[in-house]
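In the two complexes that follow, chain A is the common piece, with chain B as its partner first and chain C second.
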Partner chain A sequence: MYGILASIVDGVLVGLVYGLAAMGLTLIWGVMDVINLTHGAMIVAGMFALFLIVQAFGVSPYLALPPVLIGGFFAGVLLYWIAVHRMVGRPPLMSLLSTFSVNLVLIGIGTAVWGTALFNVNVSLPGLTVGRYTFPGGHIVAAVLAIVIAAALYAFLHYTRMGKAVRAVANNREAAELVGVPTTRMLAISVGIGVALAGVSGVLIGTLFPFTVLSGDTYELKGFVVTVLGGLGNPVGALLGGVALGLLEGLVAPFAPVSWTLIIEFALFVVVLVAFPTGIFASRRGSL
Partner chain B sequence: MLAIVRRPFFWIIALVIAIFVAAPLIGDDVGLRESLILAALYITLASNINLMLGYAGYINFGSIVFYGLGGYICVWLVSAHGWPLGASLIAAGIGVSALALLFGLGILRLRGAFFALATIGVNEGVQAFAENFTPWGGSSGIYMSPAAFKPLGGPAEALWIVYFLMVAVMGLSLYLSYGIKSSKFGLGLLAIGQNEDAAAILGVPTPLYKALVYSASAFLPAMAGGLFFFKSAFIQPSDAFDLTLSTEAIIVAMLGGQGTVTGVALGAYLYEELRGYLLTSETFSHFQLVIAGLLLLVIVLFFPSGLMGWIYSRFPRLQKVLP
Partner chain C sequence: MKTVTLVAAATIFAAAAAPAFAADDTITIGFTGSRTGPLNVDSTGQERGYDFWRDEVNAKGGIDVGGKKYKVKFVSYDDQSVGGRVQQLYTRLINQDKAQFLFGPYSSGLVAAAAVISEQYGKIMVDSGGAEEKPFELGNKGLFMVITSASHYLSGAVEALKSKNPHAKVAMVYSDDPFSKTVLAATKEQAKKAGLDVVLDESYAPSTTDFGPIVNKIISSNADAFLGGGHYSDGATLARQMHDQKANMKWISILVAPADDKFAELGDAAAGVTVPSQWELQVNYKPDFGPTTAEFAKAFEAKFKHKADYHAASGYAAGVVLEKAIEKAGSLDPKKVTDALNATDFTTFFGHIKFATDPGHHGLQTEHSMVLAQWQKAKDGKLARQVVWPKAAQSADLIYPINAAAMH
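And then the complex of A and B:
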């Protein structure tokens, strides 16, 4: 019983990081109804940036966060102009295909350069011991950082002029344009922020688990599950959805082999989508 | 049904099949046969993905699941239960189609982008199932004993039989695409692709039609998978559910022109040629995915109606003859 409790707490810690990973996905969806299929590749890019920075400078892994945040933002703006700009407002099929093809290119380059070998970044932090069980320090720090970054996003969206403009564009693009919001720039900025969040979550996941070039698919899928749990287009819901997913993983872990987790999560994904098309934690759609 | 026989396109497909059958037989050319079997496989997969993508406007990122599952059922029936190849293939086709109908009724309640996400999940889920299912050998897969080729007259003869069956599957795929496109069912699907709400209001039973086409698009790829893995006498999860192949099928359909029958076949042939060149060239062989991705991006951004779209705009009359 005690072991299960510990497993659940650890699940919640990891779930907060999943929530952060899904936040970028749901932000882009909420603002322009585009599902960014490069999300997994961007998470992997964050992981490899972490690996390269730690290897080259030997600094603390968490110092990789600021450069990845900035680099991710510019990569996102570039992605917007290459693959998304012409697709906004067109059938979802086209934006799915265009982001999917960029994903192919990124993964193709990744496998050509690094192969599919397993990479690992060591985080040596003291754990927090409660009774017989020790929570890894890395998990605690990652969870706290995830909450801090999510809070920063919330503050940006609600208390800055630019954040309010992004929300206005999400609510009604034409009306926003009419009152003088530069909508195209806001769309580009939203994709930038979305990709930066993917990169940052990649860094945090990279400090928790070993990764390969192809790891992105798993986390992208988890991101979708989190997103539908939290409600599409709702970044705060994403954090709650992440916690829910982490809880589930923590509950399942003691009873089933790890390889079944993804099947259970996917089944959940379909059931939630069919039963609650707007998400469990979403009060209404577009509550960005 | 009979009316279709009188149309020229029916005979054009028949001619393509005849060429596929005759070309390697003349001169007993095994190398040509091996490259044509790949072309037939691409045409099969792309035609069936086109039923969803081009007609109903639904993108299935995980269509490889039909192929892999068909391969598993066929190889398993042949090696563990001693079924003959023909019966195993039909069982694979029917089994996977029935499963697809079941899945389809569930996940096709999801619209547009959600459906696309769910298809990625279906593939991951089924792959994880195959990796954990002991009768299918878990992650190490199933090896077929060479004795399985005996009833077909030995390995060399078996390869020819597999080739002709693959060409038959390809032919059936083309006829299926054509048949659906010229039917009331196809009209309903095209209406769904244009505007699903409007189609529903006009009386198209959209959930049923979508589930039916999802199921129909599973039947022949499952048989193709069965043939392919019977041919290699070995199946494992990472090969069976390799997303590269279904990704290529999407590129093929977009390259030729989604929603057209001719275009998809033409696209498959062109892509096969391109791929053959890329794989043999030193510099490019590592970057096959990169080039495939760039190709898809350029098509989606600048030529969304593909090769046939360009041909139709130059020669509008061809649209009637070559659908």
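And then the complex of A and C:
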């Protein structure tokens, strides 16, 4: 019984991080109807930034967050001008192809530099032990940080002028332009924030599990499931979607062989797409 | 116009066929390595073993075939750890690159895929990285395995565990790839026969990244011993998460991953973990010819700036086995070399090598034996692998239980 409870709690903790990983994906989608397929590569970039920073300076892994946040933002703005700007408003296949190409280039560079060996960053934080079950300290801290970052994003979108402008662009780009919102700049900023979020979630995932250059695929895939659960284009829903996914993973394990988890996950993905096309936690499409 | 096209076509044809004629004093050996993808770490060791052997042979002037020396040339590709790629690439190695002999790729799944091609073309393939028995039970004629096969991987671990705790409660959690499944299916029988209690038997997808739910399941099963794993990435992640979640096992045996020196990067999570190993730096077989373990280890490290592990040693052994067979046959004819391979019976620093010749198991390894190695902390706090089983080969005492304070 406690085992199930432990799995659920652990699922929620990890799920919050999955949610954060999906948030950038869903933000960019919400603002400009572009599915950013470099998302996985950006998560991996965050992981390797973590590894390099910890290795070079021997500091706490969490100190990698601020530089990754800033670096990720500028990388995102650059990505916007390279691969997204001309594709906005064109058929979705165009942006899929262009971001996928950038993804291949990034993964290729990563593979050439680091190979596909496993990298590990040890986090020595005391865990929380309840009976025989232990929740690793790293999981708890990562979950809390995921909530903090999500809250900061929410506050930015709802209480700052720039955030409101981003939402205005998401709602109706032409109307936003008419009232004087510099829409192109807002689009670039949105991609910047989306990529920064991917990088930051990469740092957090890197503190939880060992990773390789190719790990991004797994989390990008989970990102799609989370996005669908949480509602396309709804960053706060993404966090809830992540929790739902984590819960599911935690709940399936005690009752079924773990190799079933993925099958159940993606079966649910299809069911949700059919039954709730705008997501379970979605309020209204386009309202960030 | 027509003649021009014809001439052009002929030129292209001749150019494509050229390698077959150019190489009259070299022996071309083809293989693929997993230079990218999840099998990368283990496969790299094996490929270094091949390279080490080639350089050693060529430094001697080559392989002696009936009085004439042939240099060894490799043609190799990256199979990206994917079975589908392996079949394309081995076909290419045989047809386009005109490889005369083949080495296996890394891992059982990939070897099984490659063997289909090598047999189709009647080529000899020496396998040092795929331990599963199945491809050897299909009547294949040119496939030879220099390592101990999968069903014997954890038999030493079961014996050693039984000697410490005859009533151990065992959790078996393993990757659902063909190699790991074969190992653990055999291990389950061996454990039951030894009187151990198997309380959990479960497989996971090789791509699993979060083992949290599985570790909770292990804890819930009340197991005190763990046997399982698969290849590097999943095995290392499992070890780390069992440590992070304080699974409190008294015994942990993980396949493959802890046999790599990289495993020490896990720090405390690595301490006490045991691994079945085809070969360790401490084993001391008396070779009939060639380097001793110490000589090999020293030269290898000087060359690659990396310690030799069992994948490197088995890769090297594959080369030596082929070299000796070609020399003995005095010919490059596949049939004569196959006969020579069938008669192989010698000891190198890697151990005793001899192949089964009955049609039901042709090419399986019959003499080579494995050791059990354990990551132990030296006095200076550094982790190192020690051979702990069988007792005759011990370089250090087996530590049990590993969750005790004695580890730190």
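In this text, the second predicted complex is superposed on the first by the 282 of 288 C-alpha atoms of A that agree within 3 Å, B and C clash if a C-alpha of one lies under 4 Å from a C-alpha of the other, contacts with A are read in each partner's own complex, and residues count from 1 in each chain.
Keep this in mind: contacts are C-beta pairs under 8 Å (C-beta built on N, C-alpha and C of every residue); 3 or more make two chains touch, one makes a residue touch a chain.
All values reported here derive from a predicted model rather than from experimental measurement.
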In the overlaid three-chain picture, which partner chain does A:A56 touch, first (chain B) or second (chain C), both, or neither?
neither
Name the contact category of A:T111: first (chain B only), second (chain C only), both, or neither.
both
Return first, second, both or neither, reflecting whether A:A267 touches chain B, chain C, both chains, or no partner chain.
first
Touching A:P257, do we find chain B (first), chain C (second), both, or neither?
both
Considering only touches as defined above, state whether A:V179 meets chain B (first), chain C (second), both or neither.
neither
Touch test for A:D10: chain B only (first), chain C only (second), both, or neither?
second
Using the superposition on chain A described above, determine whether A:M94 touches chain B (first), chain C (second), both, or neither.
first
Identify the overlap between the chain B-contacting and the chain C-contacting residues of chain A.
111, 218, 257, 259, 262
Which of the residues in chain C end up touching chain A in this complex?
35-38, 40-41, 44, 81, 176, 202-205, 207-210, 212-214, 216-217, 219-220, 232-233, 236-237, 240-241, 244-246, 248, 262, 265-267, 269
So, in the complex, the side of chain A touching chain B is made of residues 35, 82-83, 86, 91-94, 96-98, 100-109, 111-112, 217-218, 221, 224, 228, 257, 259-260, 262-263, 266-267, 269-270, 273-274
Can you tell me which positions in chain A touch chain C when the two form their complex?
2-3, 6-7, 10-11, 14, 111, 115-118, 120, 122, 127, 129, 132-136, 138-139, 208-212, 214-215, 218, 249-250, 252-254, 257-259, 261-262
Sites on chain B touched by chain A in the complex:
53, 57-59, 61, 106-107, 109-110, 112-114, 116-118, 120-122, 124-125, 128-129, 131-132, 247, 250, 254, 286-297, 300-301, 304
